[in-house]
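Same chain, two partners: chain A is paired with chain B first, then with chain C.
Our next item is the complex of A and B:
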């Protein structure tokens, strides 16, 4: 018989080891899956993890890792603060969309004027859009005690409808032959979130993501507010005694995560994507939830987790086209990663013991 | 996104390298918006890819990536294919238009073919099929089959291609059944079985007993089957697993001949930018078998309609036709020109509701 025994203290060693063990387990079981599909597992795993970083065309893929990882990290950092305090913003996808709409809208309002101040205005507008969208569940929770998980999630679908609406109407490219979608911001210099060094993949969104990581780290470790966030999550009763104002914390955590998600959307629409279109959002807001947990809700962990997720996306695409792996197999592979992480997470709080079966 | 000269020179170097290494093998890439098992749009494009492989055998190598979101991800997938030495890349969704143009600029030696778009370049062709011809046959059958006189239509996006289909189906349904009414639901997706099933259910609940779809999955067919007395048509692919009922016929996209011809052109070095828009006559649009659930006389008329379009004797948009707002569009006997059709952003008279914008 095997029994689980709760640890008196969560194991520090396991909490650091879990992500690594999960990655290794994913590689092993993913390899088995690929082998069953008739592919060479070592080649497949190698393609996914090695090719984007050190392969023949790494000069192209490495910058792409930044492009793909930055929005994930930026959103996940915001989410992690709330998650730590037990405030569950599940609607980052919607805030991401609103950030993009506000940011792009602010930029296009100036078209075709070229001026230095347009891009900063777009940044502010993008953050504001995301913040505003997150304030709806925040306000409803503070005022009426609604569940922020449901409200923020439902608002994703509202945001998707808004996205469709502006793509077809307000922001539609007047020179687009009636097709939906805005003007391409990539060809509007003042509004273009271009690479800072051509070919590096380093655009303002990547820079902002890195700054967010640093600030989140400082906030959590050196600032009273960060202490309150951690305290509320770990010991809500103690937090009350420490004088934490729960309403203020809800507004702060949801507002900040919304603003960061909005920024991510704004940097995406003005840079890699270029256009507000009906299909603009591709699930960064949801994937960021995985990234936040994969990174243990720790800023540095999230940075690494964002990189890892980006790697599986890009490596997965290469494996698809070079080895003919089906897209679904790659998705299963990504799902395994989260599954194993959660499974091994058990070991942080519990220890496995072989117990003698007792005589009845 | 701007690229360094590094990338360009590397790409050129690579172009030279693959030219030397893979002289005998032409590499053809396909970028798909849905999974190859969608049973509709992507499934047919993938059949086209397999036909290329079968036709050319060892002389060709094909690669594909499925379920690629429209946007920066598509750009990366195309770039990756080009870096890996593809000579010809088919990008098979409308939303791949700007990414295709962007990548094509960086790889002037690689040929690109974008389905259903309108932007061309020296190394970018566009191709599409005159699906609206199939819609005419569909509308004819649908108008005859409906008993509630309500036909449900699952639109994907309100873009000209889809609006053309709605208009064509409506005109021909109305011809045989003046009382017919169209209910249109916009799904804002090409492929999302859950959303498509929801849309179909909503339409059925509103009394529709015929469901037409411009989305790619078989989910509406399944929803109709469950309802029991609702007629459907296969979209993009035959969807014959739902025949003879609810699926009574289908519009099939046959890309194989085009893909083979374009691959051949790349091999021969005769590839040129083209804007292809083929229909029933050329075989790019086919009508799937009309099942026995359709009365014999209706089937006969439908086949006659198809034959007339194949022979070039009949155009689905022939006047007199008015726009929704009552203004004149085509005079008696006048035929719509391709320019108007390509940018069609209005309903014809009789359709209710507004095109979302």
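Our next item is the complex of A and C:
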């Protein structure tokens, strides 16, 4: 019989090794899955992990990694702070949408004026939109003790309805021949979140994501607020004893994660996407939850995890088009990654030991 | 020589990293009250679990009246006439006494028959108990009676009692002892586990002392001094905390008319609590667990806020101030629950030093943490309080209970408080560490700190406190000078026998 034995303290080695072990296990079991589907597993895994980085068309895919990875990292950083404190914002997708609507709306309000201050105003408006949307579950939790998981999640669907509404009404392109969707911000210079170096994929969202990583690292490791966030997550009673105000912490964590998700939405709509449309959101807000956990809620881990996730997205698309793998198989593959990560995570706090059976 | 009831031969049980019992042998005679004495972690519980069939020994044998005895499970042990009253009761609050007892039986008789048998047994042994009362309304002493009667219905040959008096007032202890004496006179043997020496001296015929899993000696308690037994238990000479005669200063902490509703469903409301503590004074607060101890600490630490004037520090109202503001003023606290309340289990000792030390030790600068200073502070605590750990980077939960307690108390003492409130400062701590903690508290008081010590250990309170008050259902009795208080008076302050009927044996 195998028993789990709690370690006297968490193993440092395993906490670093689990993500790597999880990736290897995902490759092995993903390979088995692809083999069952009748594809060459080595070729399929190679396509997903190798092709985007070093393949023939890597010059095209590499910028895409930044474009896909940046919103994931930006949102996941915000979520991770809340998750660390045991505050579960599941509605980043909604905050992402509201950030895009507010950001794009602020920009389009100036159309066709060209001025340097338009883009900064859009950035502020985007962050404000996401913050506002996250403040709804935050306020309800602090005031009435509602469950932030449910409220934030349900507000995603409200946000999607708002998105449909503004795409068809308020923000619809008057010169769009009746098609739904706003003016394309890519062709409005003052509002365009253009690549900073052409062809690199590096836009303001990528820069902001990197700043957020550094900011979160300093906050968690060097600042009292970060200490209180970690303390609240680990031992809520001890946090209260230490003098943490739980309500203030909820408002801060939900507000910040909302603002970062809003920023991600704003950078997306003013850059790679360009248009507020009904199907603007593609699930970054939900995938970011996986990224946050894959990165062990650690800022640097999230940076790496965001890159890995973007890689499986792009690699998965290549595998779909080149090898004819079904989209569902790629999703299973991504799901496996999270599954193995959480499973191996157990080894950080427990060791496995073979035991004689014993009358308990 | 007559055959003993139960004979243990070389019982050994090892767990990963620790040998809980190492070659333990002793006999329990017929009709004997046998004490099993030892500190926390000495291996008493493991030994008893082996007798009760909960744990299987690695090696060694047991014989019951000359027959080999190796119970595979508690049911087998019960069938052979072994019964056990656990330290923590396993009763359902919503059910009545008879229903609770029926739940523990293999083939419960009809409720009416059971109720009359419960009446019969309870009257025979002087444990008056109405079988139709709801358990939720019973006091701790009465709940223990339910457990005892549950055992007596099996007509046991050996009754095992695990720390039975830890939840009782002195009066309730007397009632219990009369019952146990009656059982003994009828030929039932009792294995009595405790670390309270005076009780064992009054009650027990024979004592076996365990230290670090080994049987280190046997004695006849009535002929051995408590001090000798304690030294056998600890394995070294005990140091009694010293207290210098001292003068008290002005009132440092003044609590008046403090009433707080229960913070949770299972908590206790505090009702009109009054107390004053002068500089240099140690106020001991006794009482059976669950009578408002946690709530009182919460109110004093600032976790539970009250009206401003209910609590005054040096004349300044602080009832509305949170923990951080109170620490800044010099009011420090150490809660009972070490893991999860006083300390975060998975965080390092350095981080745990920061938990309460940030303000007074100035471990932050505009919110930015000074890790080097924090580590120094943690190392200072570890050194001054002899905390056994490889270093401050270790997680709090890797420490043993006693060592973590030394760290938690040390953390507050090192911050030089003006008022220190501690709850159960030596709970689950070995005797040497307990003496060190008490000495630290007394030293602090000698320097002029006003100390409030909440504890369920009356011996401890008698040893260190200058005045004594008791919590009973959220009410605090008027504090009285400790010297000259008798055990009876203390018992009455704690609520006497909690309305329990006295045994008529």
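The rule is short, and it goes like this: the second predicted complex is superposed on the first by the 357 of 360 C-alpha atoms of A that agree within 3 Å, B and C clash if a C-alpha of one lies under 4 Å from a C-alpha of the other, contacts with A are read in each partner's own complex, and residues count from 1 in each chain.
Methods note: a contact is a pair of C-beta atoms (placed from the backbone, for glycine too) under 8 Å apart; a residue touches a chain by one contact, two chains touch by 3 or more.
These numbers were taken from a predicted model, which means no experiment stands behind them.
When both complexes are overlaid on chain A, chain B and chain C end up sitting side by side without clashing. When the two complexes are overlaid on their common chain A, residue A:354 makes contact with neither chain B nor chain C.
In the superposed model, A:242 makes contact with chain C only, not with chain B. Once the two structures are superposed, chain B and chain C can be ranked by residues of chain A touched, with B on top.
Of the two partner chains placed around the shared chain by superposition, chain C is the only one that A:231 touches, whereas chain B remains out of contact.
In the superposition on chain A, contact is made by A:223 with chain C only, not with chain B. In the superposed model, A:2 makes contact with neither chain B nor chain C. Smallest inter-chain Cα distance, chain B versus chain C, after superposition on the shared chain: 41 Å. Residues of chain A that lie in the contact sets of both chain B and chain C are absent, per the superposition on chain A. For chain A in complex with chain B, the residues that touch the partner chain are 57, 59-61, 64, 67-68, 160, 164-165, 168-169, 172, 177-180, 184, 186, 194-195, 198-199, 268, 271-275, 277-280, 282, 313-314, 317-318, 320-322, 324, 326-328. Remark: chain C residues 16, 53-56, 72-73, 301-303, 322-325, 327, 333, 335, 337, 339-347, 351, 354-356, 358, 364, 367-369, 371, 394-395, 397-398 touch chain A in the complex. On the chain A side of its complex with chain C, the touching residues are 5, 8-10, 222-225, 227, 230-231, 234-235, 237-243, 245, 353, 358-360.
Of all the residues in chain B, the ones that touch chain A in their complex are 1-4, 6-7, 10, 29, 35-36, 63-73, 75-77, 79-81, 83-84, 94-95, 98, 118, 157-160, 186, 188, 342-345, 356-357.
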